[in-house]
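Two complexes come next, and they have one chain in common, subunit A, joined by subunit B in the first and subunit C in the second.
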Partner chain A sequence: MHSMLERRKWEPYLWLLPSILLMTIFVIFPIFIVFKLSFSEISKAGVVGDFIGLGNFKAAVTDKAFGTVMTNTLLWVVSVVGISTFLGFIVAMVMNSPFRGRKIARSIIVFPWATSLVIQASIWNYIINFEYGNLNNVLLNLGVIKDAVNWRASYQIEFMWECGVGIFVTIPFVAFCVLAGLQSIDNTYYEAATVDGAGYWKKLTKVTLPLVRPALTVSTVLNIIYVFNSFPIIYTITKGAPANKTDTLVTYLYMLAFYDQQKGPATALSVIGFVLLCIVAGLYMMISMRKEEL
Partner chain B sequence: MTMKSMTPAHIRKRNSWALYGAAVALAAILVLFSLPIYHFATDLYVKKSPNTFVGDEKYVKTRADVEAIAETYQNQKELGNVTVLEDVTQRVNSKGETTSLITFRVSATVDKNAWDFIASGLPNGRLLLFCVLALGASVLLLLLSLPGTFALIPQKLSRRNMAMRNAACALMLIALVLVPVFHFYTVSVFQRQMIDALTREPTPRLTSLLAATDALLYGGQAGDTAGALVAGLTYQTTAAFWLLLPSMFGLLVAFILLSRESLSHTLTRGLLYLFVIALCVVILYPYYVMLITAFRNNAETTDMYFTNIFPTKWIWSNITDIVNRGVPRFLLNSLLLSGGATLIALGCGIPAAYAMARMNFRGKKVFLGFVIMSQMFAPIVLLVGISQLMNVLNLNDSIIGLMLINAAFNQAFAIWLLRGTFISISPEMEQAARIDGCSTGKALIHVLLPMAAPGIVTTLIFVFINAWNEYTISTVLISTPFKKPITVGITQFSSFNMIEWQYLFASALLATIPVVILFMFIEKHLVAGLTSGGVKG
Partner chain C sequence: MKKIVALLLSILITISCIGFAAAEGDITLDVIICQYGNNTNNWFTGTGINGKNYVQLFEEANPGIKLNLEVVSWNDVYTVVSTRISNGNPPDILNIDTFADYATEGLLLPVKDYCPDALYNDFFPSFIAQSVIDDTVWAVPDLASARAMYYNKDIFDEVGIAVPTTWAELEDACLAILDYYGGDVYPWGMDMTTDEGQAAFSYYVWNNGGGFVDADGNWALNSDANVEAVNFAIGLFNKGYTNPSPATQTRYDLQDMFGAGKMAMVITTNQLPTYLTEKGYSVNFGTAALPHNDGAASGATGVMDRVMAFRDDAYADQAARNAAIGKVLEFFYSPEMYTGWVSMEGFLPAVSSAVSYLVAADPSFEAWLNVLDSCQFYPTAKSEWIDVKQGVIDVEQNAMLGGDVKTLLDELQAKVAK
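Now for the complex of A and B:
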């Protein structure tokens, strides 16, 4: 019987072929091109010249905006991923407990996930406008403030808004990943803990947290990647202005490549970003995997 | 104290304390209602003195004039306390002498308590009246439900008494909510609607509002100048008002104790609902802004002092305007792009996921690593490489190019979700089909795919939405206006010097509604997909 079901050795690869082809052409090739370009001289018109070693990297790193951009990227990733994971976890805990209207609430919570980031960012751009923004309008109408507040008074505050929008759109993803983890927890664990006399906090830290850790790991790793690569929020709200003070790596390299026509340094930044991302995501995965084994 | 340890004696004791508490809270509320809850001050008359010194002849004369005017106000009108205030501004004149400019203000201050508001006929007075009625009704219901049952365990109460106590709790909650609503509404009435009364065409509603305010603050004698007086009003909420909230909350807690077994359970539930409601409000807020802005006219979108919750007039022509400016074409492009990307992603992803779920082969882990690594790169980081590649393939500025890229970058998630779905389905049916002589392909199409339909639809919608919402690659690769997808197309309404918000948001609305509805469909399956696909591994 078994021999009838045995497949030819090359068959699995045939099944994988379309997918591999698609990804090789449109993901791997561009990666190679970017790596190659980062070591080549590129003219303003885009003509690829000779191998110049680390020239592009040197140009990118010594640019005076580089320090600000890297600090911003770090702030952006840490604050958005950290805060949205924390809040998303709370949202998931609430959504996992039974209450009336839970289905509706869950449908509403996916809204930010389903909306294009450009649209979401455009709306917030309008909301926080000083002269006619809806936030001032609503707060004035409610009598919370007496005069219009300038919500974009400085670039630091603008950057905080961008992080806020980033958190806002990231929460649903975390919440749903954690929710998936929570729903796979067998109720008997909680019953056993109740029998042992564990209170709410004990159950949370000794039962829930260890059991949703795989889900949290997956959502955090994916979020680090998504948030690091997130472009439309910052591009729509400030475009990195003033003078790259609110740029993250991806918006900076976009401006560099397509506005300033400096494709060489831009590709060098791509490579730096990729290496950083690999290191961070790899480290995080290794650490959380190890914890799981212990 | 847990529920089990509560004996009837405990409950009797607790309930008697709750009743004492309720009586105290009720007395406090009545007292607080009679204390002034708002403090108003208005300038009735302002006069600036000529350059002078405090205490000299000109000063004395002006002061006397102003005091005479103050006296007429004091005599003629019931304006509470009329006082004369002076602000001194020092100046140095051309000769180098310091002189003072003195501003005299005849100011009236008046304190109003809750009963004044109720009697005023102002809309916010009616709110307080409702509050008092709800409070009274809830106390009455509670009293009716008390006799003979006071000492009993709440669960043993008769149905009728239980219902009365529950209704008392609900009414008390309404009364509690009405107090902050009253505060915000009062502020809104005085701060904004009175300014409107001065600056806009007076409507009958505003005129009657003004008359009622005049009656409350100036005894109805300010007449035509009432609007100006109210517009210059400053006001403070007194401590008595803020003490009302905890007192009413105390009363509510006492009521809950009398009708329910466990207070902490009730409060936790309340907090839970509060959290969920607040969350939903925050999440829906940008969508509300998008909706109302899409249907306002241009002037209203840039008016900070706009007081209505919805557009004054729903401008449906915004939609016809954007239809004439190419939006249907953008939507069609998005549909083609996302549809094509979805087909390609699933066409390549289903066989791959099938192989990953059902077959064992060398290099399976390598492929999995490859898939995960492709997640690492978002198109934005590779844009330079992608645009070069597209030049080589002659797919620059083409929707087909966009389709392929979107499909490729969604492969990882598609394979992940599909693999999870396939694993969760037992392979027995396919094996049976293959023993009956089906080829692997036929077994997949006729047996597995129908069973995996929910997971496949979820993946399909997920990829579709990702492609629909994609912005970055499209903005770089597409330069011909009529080939732009909607996410890029909407940016035509915002330029550096002017943003046509109503058109921007009308198109954004059209782009958002379909995907949000689609996403709501798969929301339930997405959790299942995430569970079986990745999280459990």
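Now for the complex of A and C:
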């Protein structure tokens, strides 16, 4: 009996050991290395030199592209996470209401999210192509437009397309998180609300929203992390061109590290990104959890 | 049952480790080769040479030397190499374009230490001169490519204009083509992407008497000739003579447009015919020298890649290692191997012994070899080259957004000269 209790004590840790080991080797150790590198001088050839304090951070932050890149990153995260959460919520509501073919609709909805991002972005590249793009072809054939339209006429428009693709691929994820939350709501709440004379909006704001909040919190926090770190869409469509005007932090630091061979400032930027992400995700979780407790 | 599986697995792992260990006395060289095209992998490690590959043939001819050869894509090679350097495990032999940073960091062996004299003297001297820092040769050229202007003969016949040789003629031709086709054909191809915008820079500045460096070899990015040349290029874009997005449309996009008959002129590498055939395009094209400004000579842009050897000071028998590296080069540049290699990907040779072989097989090659003689190369021996390369692309892209070329080039010059 005693040995059984003893075993119960250490057994969970034994089962956790493989994942802890993997996390240490593949997550914690690399993070530690990057922090160390960000304070070291790194030559263009890749030789790691002496400790130089905040030199890399200074070089990264004072580069004239830094402001543009941070603004873009903010726009990118806020618009993609915000709009996809809003639209994803609506999609989830629709998917939760009974209609014929709901099962098929649910599986179709997941496609944009289940396809590889590089493929998604490449396909959108084709769709909006000026010379042979599908969008122009369809609109020309329907007679909506007379001449082919250049859908990427300026970098602002290109960046909007990138955000659009980001939203498109993120909606299914939000929709499924919310859908799971919606399905766990007991129907009796709605019955009670109906008896009390609540209309559609009252039910939505007083019953549905509070009860799916945990699911929304999870999907939003995960989305902030995914979208912030998302690389393939922007890299495939514009590579940050022209002149870093469509770069976000992640594509910018990749180009800095592997095209410009400025590894020092690039590691500094990745540390900045990591810290920012920790703060934003942490704050969001704290705020939303506090609301739940109230 | 689980125990038996675990035991079997651990035995398997041990055996596989033993299997990879080389026999005693052998030298194993780590070689990294860049992937030039679809055939590179097959030639080096597959079945590309009459059912065999370079590694097999080399090891058969040179017992005692083993090659651990890896073909890496151009996209990844810089990352792979710098990661290996950071971890203290650089390759023994590397094929890449740049060398200056590795040389100035003291990571490379001088070519004289390992390259046999006969082979060394076979390289075109003008090529070797591109890999010299402080009077020492640090790398040898593996191949070269030259740029020319390709034009669609049918479009020129249809519009009824002559092939332009000067900038003024070029603008006239662009205008005529634009008027004739009303935007269905782009008169002029322009690639100012992060992939190769530095090439575009060279096409214009070298044909206006400018360049990356002055006569003394110092950076001269903001010279008057350069400002004029970049303004001319941006002018072509602003007047609507080019493809719509030079900042994101790469050379391959342009080659596709040219192949599809949607582009009248494009400057690109001597590999274009190979590319068009492989992609199934049939376009009636001709080649011409790059258009130049009045009063300036027409300059061709040459691009050269290199092979270099890294130091391994911990290795016991340095003489044997150097000799082994020399053997790898000798075998690669032997006419049978080397001519197969350069012609497979449509490149130009870097050793003179290959020339007679290639001309005998294809007389049209001779024209390109003459171009090679007059080629100008990027100043890759200067360690600021990577900053300059990215810097001029940034200048071009900002200029297309409306930035002032003079100011942008002044800023870049100040940054690089610092």
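Heads up, the rule we're going with is that the second predicted complex is superposed on the first by the 287 of 294 C-alpha atoms of A that agree within 3 Å, B and C clash if a C-alpha of one lies under 4 Å from a C-alpha of the other, contacts with A are read in each partner's own complex, and residues count from 1 in each chain.
Note that in this section a contact is a pair of C-beta atoms (placed from the backbone, for glycine too) under 8 Å apart; a residue touches a chain by one contact, two chains touch by 3 or more.
Because the structure is predicted, anything quoted here is derived from the model rather than measured.
By the touch criterion defined above, A:227 lies against neither subunit B nor subunit C after alignment on the C-alpha atoms of chain A.
Legend: residue contacts after superposition of the two complexes on their common chain; A:131 is shown touching both subunit B and subunit C.
Subunit A has more of its residues touched by B than by the other of subunit B and subunit C.
When the two complexes are overlaid on their common chain A, residue A:243 makes contact with subunit C while staying clear of subunit B. In the superposed pair of complexes, A:69 makes contact with neither subunit B nor subunit C. Judged by the touch definition given at the top, the superposed model places A:44 against subunit C, while subunit B stays out of reach.
Contacts of A:258 after superposition on the shared chain: both subunit B and subunit C are touched. After overlaying the two complexes on the shared chain, residue contacts for A:81 are found with neither subunit B nor subunit C.
Look at A:152: by the touch rule set out above, it reaches subunit C but stays clear of subunit B. For the contact definition in use here, the residues of subunit A common to its subunit B contact set and its subunit C contact set are 131, 257-258, 263.
Against subunit A, the residues of subunit B that register as touching in their complex are 183-184, 187-188, 191-192, 269, 272-273, 275-276, 279-280, 283-287, 289-290, 293, 301-307, 344, 347-349, 351-352, 354-355, 359, 361, 363-364, 367, 370-371, 374-378, 380-386, 388-389, 404-405, 407-409, 411, 415, 431, 434-435, 440, 465, 468-472, 476, 487, 490-491, 494, 501, 504-505, 508, 511-512, 515-516, 518-520, 523, 526-528, 530-531, 534-537. Interface of subunit A with subunit B (complex): residues 1, 4-5, 7, 9, 11-13, 15-16, 18-23, 25-34, 37, 91, 94, 97, 99, 101, 105-120, 122-124, 126-127, 131-134, 136-137, 140-143, 146, 148, 168, 176-177, 179-181, 183-184, 214-215, 218, 222, 225-226, 229, 231-232, 250, 253-254, 257-258, 263, 266-267, 270, 273-274, 277-278, 281. Within the complex formed with subunit C, the residues of subunit A that make contact are 42-48, 130-131, 150, 152-153, 155, 158, 237-245, 255, 257-261, 263.
Chain contact summary for the complex, subunit C toward subunit A: residues 78-79, 81-86, 101-102, 105, 107, 193-194, 244-245, 247-248, 257, 262, 383, 386-387, 390, 394, 397-398, 400-401.
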